[in-house]
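Okay, got some structures for you below.
Shared chain: chain A. Partners: chain B in the first complex, chain C in the second.
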Partner chain A sequence: MNAEPSQSGRVVLETEPTATGLTVPMWLIAAMLVLLFLGAWYFDARGGWFEAKVYEPYHSVADVARFQPRSGGDAVLLRGKVLYEQNCALCHNPDGMGKLAQAPPLAGSEWVLAAGVNRLIRIPQVGLAGPIEVKGQLWNLNMAAMGVMYPDEDLAAVLSYIRNAWGNKASVVTAEQVKKVRTELAGRSQPYAPDELKKEAE
Partner chain B sequence: MTAIPPTSQQQIDNSCRLPLFALFGGAAVWLALSSVFGVFASLTFHKPSMFADCAMLSYGRAFPAWANLLVYGFCLPAGLGVGLWLLARLGRVELAKPWLIVVGAKLWHAGVLVGLIGILAGQSTGFEWLEMPRPAAVILFLAFMLITVWAYVTYTRRTEASLYPSQWFVLAALLWFPWIFSTATLLLQILPVRGVVQASVAWWFAGNLLNVWLTLAGLASTFYVLPKLTGRPLQSYYLALFVFWTLILFGTWTGIPAAAALPAWMPTLSGAASVMMLIPALAVVAIVILTVRGSQTPCGGGPLCFTKFAVGSLMLATVLLAISACPQVSRVTDYTWFGHGQTVLRIYGFFTMTMFGAIYHIMPQLVGPGRVCPRWMRINFWLVMPGILLLALPLVFGGIAQGLKFIDATIPFVDVSKSTLMAFRISTLGEFFIAVGNLIFLFNLLAAMVGYYRSVGKTAFAEATALQPVGVKP
Partner chain C sequence: MKSSALVFLAAFIALSASWGGFVLAPQLQLGRAAQVKTIPAQDNYPVARPGLAAQGAEVYRSLGCVYCHSQSVGQDGVKCEIVLTDAGTNAIATLAALGKFNAELGKPTTLALLPKAILQVADMNAADPILKAISSAGAKAQVLVSALGPDMARGWGRRRTVAQDYLYDLPVQPGSRRAGPDLANVGWRWPDANWQLRHLYAPAAEVQGSTMPAYRFLFELRPLGKPAAASALQLSGAFAPPAGFEIVPTDAARALAAYLVSLRADAPLFESPFTAPAAPAAATNSPVK
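So, the complex of A and B:
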């Protein structure tokens, strides 16, 4: 549809669209305000107020803090849990209940929960071999010196963890205690027999 | 002071002809090629070994080839062509330096070709919607700037002082793309930022490209074509102004998915903005209903049909975008086909349909009456329209079903994948429909251009060989 010369000889232009002056309807403004309010509320609840440390699934700094270990003690137990699940859980089970013909339970075990930790620390350092009674049941197995490779702090963390997990409740083991026993046991490669272990101070 | 005589329609059309031929012709070629790659990519899901021996057609190359040819090959040049036409027509002025715009268009298509070769050769950048390697990105940027400069000069030379809403949208689109494209290319390819910042830049770019740029360019055309064809004024200036500002205000925040591994404020803000996008979409629907209501113009598979379908798709795609921004929904829909369904609906359903409508409105005026075949145009519509629905909707519903299975830990992954097969069969059928429709569009356009040149040639030949009057000395 091109321009046609009109009768007067002048070029008449094709009309182009125009716009009316109708105002924006109120319902649209209201809908926008409602959505803006909801958006602001949503941001307030989930956005963490531009804090760079807050990632999904956390929604605020307080949220992030709640899921962090609160003290040094918690951090030690968390470290112990990781080490336990990597090294010990294969035989003793992640829930500490032990496995038939592999390892006796640690949860509720009188050896783990003993008031003194002197005997407990010795077991992972050189291993344990021979019949041992745990929670009234006789186990006759061998445990290798699983803990000999680990620094004092890590061994202390694992032992603290098993003394405080799965309903166990006992004092934590310190790195100094582990170090003291390790010095005493220097040079020994013979695993403990349970009867021999009982002769050590508790 | 004498009034400057307004340029005649014929002069405007003459100035637009070659630049628009260059932009639309190349765009139609890329669109057809893109849908062929789309079919290849889709077929891979039915038989993964089908193209396993051909690296070029493997999914990791065919899919980016589809996406980039669609957006950079078709959407941008088509949007630019329609935008230039609107600036010239509404400003009642000839296009400034048409030959430089032709050079820009050719340069743009050369950039797309370089990018396509790069992607097929395995040199893609790995950023979604920005896969073209660096040389291609630089060429595309220069070509776009060349066209933008002369589009802006055309705008400043206009003889019609008052602005029509479509002009704001075109001008914003002309400025928006260089901004987002140069920022993303600089920060991702030339001076790459590190770590999660890369992901956030890439998402920001994709959000701006798909949710803002395509909407700006598509609405410029919609707001022109609907009133023009129905012969009714646009309802209204203020609603269009409202759409304009809310779109660019909220749209530029979108793009970051809810589960993104970024500081929580980024996905949260982006999600809120995605929901806010409902406001401009609702306003667009209001404009269209108020403008078209009561018009007697038949739809008839023509530009009006294309444009109306496009507006419906825009609304649906925006609703899907808003829904999937809610965390309760995104838990299900993230990492499924849902998002792709939404994107396809936006690009094909909204943008390419508005462009088809606008091009079918503009081309007959450039090539002369009777050269764009109306029957093929209708066939084009009746292939592409169901094709888009068959492609997008199964992906959306299949994505939801897939997501519900994903979050159930007892269902093995293979079963989850198998459950999407039926949706995929239907969507591949949709891809076929679209591919055939796009080929028809290409041939319809090429035939019209060839017809035009043939008539020009015939006239010139007739003039050159016309018998001179005998016996008259010069």
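So, the complex of A and C:
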């Protein structure tokens, strides 16, 4: 471009400025690539692929899973705790102490802590109606067949939970034991009366 | 304007890219966060703050506590330790089993002063064969997973804070300055609301060398009533009120104390695993009774 003072003293551009074919310098491309590499490295090290469950110092969900404390034998009881709190706690109370005029306590109950689980399994299968003595107190209430719709494993988990929660300590209930009683009781819709339940083997 | 369509398009792309990055992506990532169950206790977490503590969050906000206190605990690493809890009846078998993993552990001193951490392992998978060997020798052991980092060393928490901890906070007040200690777990560290009140009235009375200003305007100095107010602060020494007077917290002070007591981010969650103690504290945000 030539820009010279014209006769009038003003600067006048003789030609329109145009973009020339400047190329991007190599060092800039190299710098961009280095930045891209660093960015990718940083993301790989700390990004966790935007997974909501992954925080530093972990790198992936599998990485977090490697450090989960094992529940092991407690897994069944935890399953039972969830089911208990969803289904049973409304009447029996989350702490197993029962509720006046709704349900007798399970904590320390001789029916729950019986050496054999045969009677205990029968109660949620068909329900219980009539006067029953629990921890020296007489309760005259009705319990529906709450356990009838649950799979053997779930019912076993709940029963194992109530036998081992709130200071209770007794053997766990297995799914096989539940299954055996369930086949025996197939077709029965009449709830147990406590006296009748006492005639069953422990 | 020349090529205005191109300029408009470029601006549109730039703005929508930032909207995508700052609004859409976080929404996709965390927008559906909901209450979860803690591991392994299966308690609901988090639970909404009770009324007084919810009011206290507003007091916390209005007093600008966030300018000096963070509510976010960091974590650098994680540690997996095998803790021998019971040597069993067959000490020789136990020592033989342990000796296979580390010759040092095969010595009888290993079985003294139980429970103690005997081995550090990379992760739970690495711990499994060792636990199996220990249990088949008749001894008992468990794995202790604990969080590492300067904040843990200061006792500010047992794990890092995660998005789940702030689920019901509006606004979230994580803070960025630490003129004072982190408060993410202050309700776990100081679960007594009366302690919180005394500390708000006279920080130096409870924490030696505290630089926190005293929030005396949250309290009333008034003549001793008959009978004395149940909520009056139990102060002694230089901070005690003059004879015949008592110091009574206002509603704002009681709300703030309830909020502080409700601050605890120590529920064991999937995203931030650690071994909770045998009798875990209630993993909730509700005040400790």
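Just so it is clear, the second predicted complex is superposed on the first by the 131 of 202 C-alpha atoms of A that agree within 3 Å, B and C clash if a C-alpha of one lies under 4 Å from a C-alpha of the other, contacts with A are read in each partner's own complex, and residues count from 1 in each chain.
The rule is simple: a contact is a pair of C-beta atoms (placed from the backbone, for glycine too) under 8 Å apart; a residue touches a chain by one contact, two chains touch by 3 or more.
The structure displayed is predicted, hence computed values, not measured ones.
*Asks:* Let me test your reading of the model: by the given contact rule, A:P17 touches which partner, first (chain B), second (chain C), both or neither?
*Replies:* Touch partner of A:P17: chain B, not chain C.
*Asks:* Quick check for you: in the superposed arrangement, does A:Q68 touch first (chain B), second (chain C), both or neither?
*Replies:* A:Q68 contacts chain C only, not chain B.
*Asks:* Identify the partner contact of A:T183: answer first if only chain B is touched, second if only chain C is, both if each is, neither if none is.
*Replies:* Neither partner.
*Asks:* So, A:N142: does it touch chain B (first), chain C (second), both, or neither?
*Replies:* A:N142: touches no partner chain.
*Asks:* State whether A:V82 touches chain B only (first), chain C only (second), both chains, or neither.
*Replies:* After superposing on A, A:V82 lies in contact with chain C but is clear of chain B.
*Asks:* Could you figure out whether chain B or chain C reaches more residues of chain A?
*Replies:* B
*Asks:* Do any residues of chain A touch both chain B and chain C, and if so, which are they?
*Replies:* 50-56, 58
*Asks:* Taking the touch rule as given, give the residues of chain C at its contact with chain A in the complex, in rising order.
*Replies:* 25, 29-30, 33, 37, 39-42, 74-78, 80, 123-125, 143, 145, 160, 162-163, 268, 270-276
*Asks:* Taking the touch rule as given, give the residues of chain B at its contact with chain A in the complex, in rising order.
*Replies:* 6, 8-10, 13, 89-90, 92, 160, 164-165, 223-224, 227-228, 233-240, 242, 246, 258-265, 267-269, 271-273, 275-276, 278-279, 282-283, 286, 290, 327, 365
*Asks:* Which bits of chain A are touching chain C when the two form their complex?
*Replies:* Within the complex, chain A touches chain C at residues 50-58, 64, 66-71, 74, 78, 81-82.
*Asks:* Under the stated contact criterion, what part of chain A meets chain B in this complex?
*Replies:* 1-3, 11, 13-14, 16-25, 28, 31-32, 35-36, 38-40, 42-43, 46-56, 58-59
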